[in-house]
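Across the two complexes that follow, chain A remains constant while its partner is chain B and subsequently chain C.
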Partner chain A sequence: MKNQHSIEESHSEHITSYREHFGTWVGLILLTLMTVFISVFGADLRTITVATALFIASVKALVVAYYFMHLKYDPRIYRVLITIVMSLFTVFLIMVILDYLTR
Partner chain B sequence: MTAIATQQINYLNVKKGIWSWIFTLDHKRIGLLYLYSISTFFLVGVILGVLMRLELFNPGRDIMEAKTYNQVFTLHGVIMIFLFIIPSIPAAFGNFFLPIMLGTDDVSLPRLNLLSWWLYVIGALFALSTLVFGGGPADTGWTFYAPYSVKTGTNVSMSVMAAFVLGFSSILTGLNFIVTIHRLRTPGMTFNKMPLFAWALYATSWIQVLATPIIGITLLMIVVERVFGIGLFDPSMGGDPILYQHLFWIYSHPAVYIMALPAMGVVSEIIPTFSQRTIFGYKPIAYSSMAIAFVGYFVWGHHMFTSGMSGSAAIIFSILTFLVAIPTAIKVFNWLATLYKGSIDIKVPLLFALAFIFNFLIGGLTGLVVGALAVDVHVHDTYFVVGHFHYVMFGGTGFAFFGALHYWFPKIWGKMYNMTRAYVAFGLLFVGFNILYFPMLILGVMGMPRRYYDYLPQFHTLNQISTIGSWILVVGLLLMIYNLIAGYRKGPKAAGNPWHGITLEWQTDSPPPLHNFDKMPELPEGGPYNYPNAKSE
Partner chain C sequence: MNHHFTLPNSGHNYDAKASKMGMWLFLYTELILFGGLFLVYMVYRSLNQDAFLLASFNLNVWMGTANTIVLLTSSMTVAMAISALQKGDPKKSIFLLWMTILAALVFLVVKYFEWSAKFEHGLFPGMDHFNQLPNGEKLYFNLYFFMTGLHGLHVIVGGIFIVIVVFKIKSGKVNKDRYQLLENSGLYWHLVDLIWIYLFPLFYLIH
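Right after this comes the complex of A and B.
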């Protein structure tokens, strides 16, 4: 009776090159260094520092999801769901930061 | 003879022994495991609540010290919120009835379902362990506000870890329901032909999945700050206590809808059944659940109007708060319109549903009072707020939980309770509830602050009335429990469809067989609430 859907059907083997893995890793390291650099040398920028750090962290998370977690091979619905969650998260941040900026 | 014996095998008697229960993968048994666990913790919470009311019977010390009182109201809050109300209807009745109402044989991920219950048990043990380990139960209130929660010597770390683990249980249940609703609806059941209880659980599940992780990480931050002294929330270490409140309420306000939406789903089932009439405004009720879930994400700041949050942010949060009233009112009007010209049969489940509407209206309207910026300044952290949220949580969700228990009792156990005793118990509960909590609204307007074990002499009479109300409520509760247990043990066998409902759970035996249906259920023509007399209208 169970209307089982075989989700495995949409999955297939993906062979990713070392070059792509290594390039992604280098990109993440560079973004981490950028975060450190901004926090050390841009501390007086306050909100902009925080916003930049959050932006870089979000880019890193997306890079990990897209390449390491194979989001690029997944069906479109996964990207839609991640977009919804990230949008919700962004609204949370904006509303919290709004309080800080207008306090 | 063999055929008769086969028919009598159901999910209750198919296997025996404790192991067949605590390691079961059957959604119905898991639902009952939740029901028994949740009910147990509800009674513990009630005992703590009654102790608080006894302490408040007279000004000054009556039965406990101030610090004990602080610990008692914290444990009462933690147990009632995290161990009772949040899992109550979804985990117990949702687990039991969602697959049946969808016409399938189980949830999509049965092992994950069992893991959810085990996580619930582990979280509960964490919470109870604070009674004996560390510095005793937390004395912070269930909100664990920083910086006090970072500094107090009581066992806050274990309390927040309990909430953390319980959060995982909640997420997994929500995830399971979302997948089940998307993948396992019986053929022909489109989203717009789903029962409204399923819609309510669907909206609830999205909140559970998307909002609960935020409280998880926030509570971990409390532990990190206590253990490693990192200044996240403590201003003396450069932290910001208002940031904690933001993070806490980003989850905990949507959590109010985790508590309320399933209750609304129960009411949406009970009212058409006992009116024998098509639900008025199926789509508005269904979509308003989603609207409440969505808008509910963006109103958390109304808990912080007096905390030091900016005025501009407060105005925005106040406006958004008023917006939530719209989908809620849509539901109430549609329920009342469903009753209009219906063949109303005033049985106990319907009384609980009507009590839900009455209590929830008081809770909702007093919510608008505290959602208004100017008034909130005066009533914030007074007994008005305590009265308000008990009207929503207990008067609303609690009564819907009791209503669901009476509505689905014959289906779950195949027995019927004594209806007269049930009427009396309902009356005691309803009267006791209102005598207990309505004085709190007045006390709040008079200026009595919450979370104090002592008060000024002018608050004495109303506190005594409130405490007497708690005694009536407890009598009603005991009578209800006795009646249900007696019904289970000695009650007459219930008919398969005693209320003449037409959603799919009423098409199967009582109690249901192991795989829910012996033959493929038939969807009612014209939607899930198209009652025969409605067709002739």
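Right after this comes the complex of A and C.
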């Protein structure tokens, strides 16, 4: 019985507050409006806007993963694993770029 | 000779940690799936920069922006639904999950109007107008329909997943002490949001 009890309590203790979720949402909306604004009104700075748009998208993705997906409060293994997966993707990315640059 | 076996989970067919890790492993494969498509996009776009730019003017930035806000909001409501159930408020949790499903439907309705407009202009692969386009623009629309289509499929699957969780909360199978299924559906939904965060600037904002 004791063992059974410990399993039922094996959920992570941390409960994110509504206020923190709302704050995360506000941040994400502001970043979205910023990226739209830069794109629509900075059309003549083409390469800069693409780089900025991707940078802002990555910040948003990190915020979603860290706060909404709870990575910030999860055991460290989850942050380690996602880092490995993203590194793997970066390797694919570099290999594809090298392939196309050397044709 | 009394053989007494104790299962690692004491006979309870529930293991929150393993369930969560399983969900994350699946999400990694999803990231690589869409990641591969982003690599295809990157290569074709670098080879056809002007064509991609021209083709992207056919998309409505404001519809894309509206859908981005809808998805971000639904990500918040599903995250709040988890907090609500953890705090022992299933009714609030169910309400927040219905809000998430409503957002999923709004997203799909907006997508429907966007795609319909493309069909009317004959821009779907194989249609008359599409066939007359230069190669670069064809590639753009192929990628646009494939990537947003695959993403839309994920929206539908995520929505169904959340509906199932709503009924499990109602029947008490998912509750304050056993909420991993809810958390997994939330993780899946956030992934759908995460993919859209990249699709939106790459297809709508490149001009």
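By our rule, the second predicted complex is superposed on the first by the 71 of 103 C-alpha atoms of A that agree within 3 Å, B and C clash if a C-alpha of one lies under 4 Å from a C-alpha of the other, contacts with A are read in each partner's own complex, and residues count from 1 in each chain.
Just so we're on the same page, contacts are C-beta pairs under 8 Å (C-beta built on N, C-alpha and C of every residue); 3 or more make two chains touch, one makes a residue touch a chain.
Everything quoted here is computed from the prediction, not taken from an experiment.
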item: Touching partner for A:L98 - first (chain B), second (chain C), both, neither; value: first
item: A:L30 touches, of chain B and chain C: first, second, both or neither?; value: neither
item: First (chain B), second (chain C), both or neither touched by A:A51; value: neither
item: Which superposed partner A:V80 touches (first chain B, second chain C, both, neither); value: neither
item: Greater residue coverage of chain A in the superposed arrangement, chain B or chain C; value: C
item: Which of chain B and chain C A:L88 touches, first, second, both or neither; value: both
item: First (chain B), second (chain C), both or neither touched by A:A61; value: second
item: Touching partner for A:I15 - first (chain B), second (chain C), both, neither; value: second
item: Interface residues of chain A shared between complexes with chain B and chain C; value: 3-4, 85, 88, 92, 96, 100
item: Residues of chain C touching chain A in the complex; value: 6, 9-12, 14-17, 24, 28, 31-32, 35-36, 39, 42-43, 46, 53, 61, 65, 68-69, 72-73, 75-76, 79-80, 82-83, 86-87, 177-180, 183, 186-187, 190, 193-194, 197-198, 200-202, 204-207
item: For the chain A and chain C complex, residues of the former touching the latter; value: 3-4, 7-11, 15-18, 21-22, 24-25, 28-29, 32, 35-36, 39-40, 43, 46, 49-50, 53-54, 56-57, 60-61, 64-65, 67-70, 78, 81-82, 85-86, 88-89, 92-93, 96, 100
item: Residue ranges of chain A in contact with chain B within the complex; value: 1-5, 85, 88, 91-92, 95-96, 98-103
item: Contact footprint of chain A on chain B as seen in their complex; value: 104-106, 183-187, 210, 214, 242-243, 246, 250, 297-298, 301, 308-313, 316, 515, 517, 520
